[in-house]
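Common to both upcoming complexes is chain A, partnered first by chain B, then by chain C.
What follows is the complex of A and B.
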């Protein structure tokens, strides 16, 4: 445990200074690379550069040296990285496969255009392409390129880029054979509310129920309202033929996460078994600049592997991350008839798995980061309305911004197994609701995976350093059967980072 | 707070003693409190005493038109100097603050003279009322001076009276501790109770028995031991517990559990593998730092303080009996 009680241990934060969007997420030779929007000179937004961190389990991160520093003439905004296996760019030398970063460069005339940099040593050092930019619309809001391989109508694979005209609320699709020459393909949007900027798009295929004969395409988009800067990430399912994305229902903005701190989520390239893993910035532009942490500011969410079912996208920890977590709980508890409160002396870094069967009229709440009876954050579930809500209004350091303490809620339609009949039921039969909450608390970051990832909720909460209790409670009027497993993760990254260092010894070939 | 030093200002208590009336009467006269039924004779004696002694009413209090200040008093025997009951002050302070009051705290170490002086001074400050608290749950005799204002007993009660009080629910606490063990599958559960007669001794045993009954486990008096309520008591009790074939033990408090741990380690026993243990009190410095950390039941000190304030400020309690504050389980790692 560090002296800084807010600082996460199994979510990535830089040692110091400001961080926002994840960039250039890529897997290569056993290592996951996270690049990120970073200010090397301070803990406010500015001097935008790409920082760099690596992990083998997406849980323990080693911060690496600055990857792409800003210069007097150029800031390095968000973008993506591809592994150019076939050396389509010609950046590869002596058989070394290049990593190519496609980023938005912002020049002093405020033009945002897409540019390239490449690495021949597995992402440790970078050179900019000599003829940047490679795609310029003379726009001041053309940004966040995400590049991937996709076949055209004739089945020929090539590079596809999605990027946004942020203020015009448009997703632009381009294609290229060499990442250098780009051809316009299509535009998706504008639609939805005006006064919103679109940012950080990602477009990828997910197989329905894991069946490769039923691929669907998912567009992930983050939006930021203006002028109050409320941030959120959404998903659209639809069809992509390699040229044009068509959403099943463009009017349905389905939140990827129901908390208030989940933004700019994009997926890893080149992952093993083509699994789709995303992570986001656990923050909200509304109050990010005021977040009361020092000398670091900003954290990433946990990685989430996306899967698609008929009822929507599920998000769960990837197997590589799950395997790095302890299998045996450090504390367990069960109650046939939960009455509150039950206190867990949990510390500030843990996983809390709660499984409940509940009566229709039951309500259960989980106070997190609680000290002296005052939780910094409270999750509350009302079975009658299937509503999971989250508030951080009761205590803790929540006054640094007037809108930080607002309540978030989500209706969990998948939480209820249908009742066999509507007739009056005996007590045991009436425990028809099942609720599973898999809650990760890590300093100031709280992530909730509800009902096996059917819905997620990510929130920050800043609490007193000695706030280390979980308070589980029910009003006792309606029956709740509860089972709890608590896993202490205070030391998790200490053990894992040793492994990480060993992995990296085998690392870059070009030294 | 003693009145023996000549330089100290004359107190309302001294005026009351000189006039042969109560402090409240002096207070009412000084403040011309409406509705106070005070005879003219007593009123005059108070005025005379004030004149003779040179009593000067508290300037702050005098300026208040409401007749009471924004202070609430908290008189404690030893809660400021004992390790874990300080949360009573914390809870009372937070709750008082929410309602616009500031807490005046006096720790008296149980000395009646200090207690009397503290209460008197609080009355002079025209406190809204006084919480009278003890560091462990016990019966008390309400000091006479306390009856001159609104008061609530916190973590104590007056036997056979309707004096307003908030106390921990010892019965529920004992039941909860035992249920934790039953839920984990234990059927032969020893209870090491304290040898000191107290509401905790009685209540936790009642709770232990009711949990067994609810789980259809026959009560076996042999499984209930009495030992001094400290580490030595717990240490000495373990050998006897082991002769009973118990797989789990409920210790009257965390200190006893600490001693029991020591003896268990000496005998090469693993907690919770060989023996599940639950304590009581949630004395943080012990329970959180034993290996494995001790699952226990918390004395709800913070909530006692907060509930005391709510009762003082008008939470109704038609029963006339002490309000029982639940003792929540605190889950750590000593039960399997």
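What follows is the complex of A and C.
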């Protein structure tokens, strides 16, 4: 399919050039729209514009023409899109519901301010609002507006924007009735370490255990450390009254993902059944500019539907995505007493589901993208400490940046227990005896969903084209009961794209 | 269990010293007795005596004390044992049924003649008949008597002996009422290539498709070529009227096994339900003396129960052996489209069941005892030509003899179709789409049962102690649907020996 062995097939990458943050994620009339920070002119950051891609399953993406190109006077930084069902902006014409993009424009004076553009043809073409910007603090780091509907304390719905003063480590909340006139509401922060830049906020409600009578609010925030630019995404649970966000524990920065390549995650607007689905940029500012790919650079993560349980946020594939994946594994494996290595010829695009039963003395490792006996990435789980770690130090093209070949690790379960009714001890005991890893490998992108999405871990690994093996082994002093299901996804997007072409016949604009 | 990584655990080997042909195979009172050509004094051929081992499942063997030691005047060459239920010999005392061994004695004048010994304690101790030999042709190559009951043409049962004039390539048939006085009946041969020595004949009836009204006779014969001593075992189907054996086709030497290490196979006497179970010596005279093992040298094959179908003899494990093997695999694997290699950490003692569905362009290979990517033995099946081949040329300790590292191959199905009612074409078509290999690896012994015992292939392979892997791959132009069940047999004989000790409590002699 591609001669580029690192290129993902079921994670979105542009055909060519630099990409970073997902922008303007919105669902409309059966199609998921992904816009993204994009350099139309090169493989490095710059000339920031919004690229565009569409999908019906969040797995097979069709790249569309450039949505919002940079101009000599304006770069198009990150932002969000809303469906203005009630035409609050007046951008709608002849009953067509407008899509409205709220983006950060960066002008030649380096001021970052929020601006609007709208589309009347389902996101394919865009016009900028004639009186941009709509919100300007004369700041050089006021950016990443995420806009959603929320009721004020009197129960009246209106638009709410969260955006950051990035360098001041502040989340700013604004409200508006028309997306044009904005009123300041509140500030969250500064918190956490100095010398950290905040970016790409998102704020949304999740129903605890799916119960609509128990909504809780979740703030998602990405941070980029200075000076080394190590970047990651975090979540805070808390309360939002439509005006002010109060975190349950602002001191605890809970990573949304425990890998090193998960950043700028934000959620889709207007999703069916109000599912909260996020995409992230599978990269780290620390070394993103050096990532050894060409002519494309940067990929999105898989879509993740967030749900909230007593023990924290879970992230799993949305149903629409699961349904697009093969139901039957192409290879299965089972061992009552796994000891030495078992090696699968898995290719470079697959889903590897591993279920282990193991005791405290057991350790299991999964070498991925292994060739000639050397895995480009290794997942390792030590049952005694419940620690899942990930390293890409052994082989592969890992020398392009001195900080790339580091180890990530997470103690499972990482989630705290917000409710005293759950017993951390029994949870810990049960997890010491069972581990479920749902691992997606897609060229250079590795995403791990541990224990049904209780924790995730996203990492890039650049390997030789013939690094096709999975090496599964018990490393500890105790054998492991293991079950494997391996799904070949090499062809998945070819098949799905074909369906997409059949199904996604252009219809009349949404009215 | 053993520091000797080549030593089998579920194939019989003596604890120390040289072993070759199985002798005196007999079942009595729940115990299978294996006697064998044995040098009590060294690791090379010589000082030939009968060793002794017992088993209840033909898998876990307990080595017993030396049964028939050589003396200064007499070496004890191969032969058979019968249960003299009717005390035709008069060796029985006080109602005890004697076991009678009919063996070839070789005296210092180099004459080979048939002699008797008997046991009144279930084979544990032996007395030689005082008037040996009982059958002497003053020949230097008259040996390997196999004795059984058969009716004469008047329907009267008596003892029948088949033995060989080895260098004259003749099978001699004698009869006796008391095992002492023998009458010449007939000669089969000479046939086949000159310069071949015939050895270890066996003659028995198999019921076609298990139907007692359709018995057919099978002659099993081992041959040893001169001068290179390449040795193998063959079978002929035919007719035996109690006096004369007539082969259906004396020109067609059908190998009993398509490997290079299957010799001197003979069957057990007195088995329950008249099962015909054979054991062979898993070796080849060509290089047996150089086999790089110490302090033992030589192993028996697994027991094989013979059955006769329209398309030939099948060889499968007896039920008593199957029942002693684990029912649940320790590892399983399944692939819809096997392509590149899948590697299992299998250890050095296991059963590997592979079922493939494949088309004519497909080839599958199974590397066994592989370490550091190099298999000591490789099974390869080319579906287009139905050819199963086996080679041990790539690695391992294969340089001890120049002829060891050769390739064996068999076209599947190898069996002819004696009955016109079966359709070779449809059989061939079905086999081109399905392959079943039941592979036993046990230290240095590899035994393959192909397509439910339609063909077997036994080979030795001497490998490094850390050669623990199975490498399964599709080599051809077409992918393969494959299912694997892997049973770890490292501990099998420990468990079974424990049961043996519990069950095999000495009781009174059989009466």
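We take it that the second predicted complex is superposed on the first by the 484 of 511 C-alpha atoms of A that agree within 3 Å, B and C clash if a C-alpha of one lies under 4 Å from a C-alpha of the other, contacts with A are read in each partner's own complex, and residues count from 1 in each chain.
The rule is simple: a residue touches a chain if its C-beta (ideal position, glycine included) is under 8 Å from a C-beta of that chain, and two chains touch if they have at least 3 such contacts.
Nothing here was measured: the structure is a model prediction, and the numbers come from that model.
Q: So, on chain A, is it clash or fit between chain B and chain C?
A: With chain A aligned, chain B runs into chain C, so clash.
Q: With both complexes superposed on chain A, which partner does A:328 reach: first (chain B), second (chain C), both or neither?
A: second
Q: Is A:193 contacted by the first partner chain B, the second partner chain C, both or neither?
A: Once the two structures are laid over each other on A, A:193 reaches no partner at all.
Q: Identify the partner contact of A:251: answer first if only chain B is touched, second if only chain C is, both if each is, neither if none is.
A: Touch partners of A:251: none, neither chain B nor chain C.
Q: Which chain A residues lie in the overlap of the chain B contact set and the chain C contact set?
A: Touching chain B and chain C on chain A: residues 330-336, 340-345, 373, 469.
Q: Along chain B, where are the residues that touch chain A in the complex?
A: Against chain A, the touching part of chain B is residues 87, 90-91, 94, 179-180, 183-184, 282, 287-288, 293, 295, 298, 302-303, 306, 326, 328-333, 336.
Q: For the complex, give me every residue of chain A touching chain B.
A: Residue positions touching the partner: 330-336, 340-345, 372-374, 469, 471, 484, 486.
Q: Okay, in this complex, where on chain C does chain A touch?
A: 328-345, 347, 373, 468-469, 473, 488
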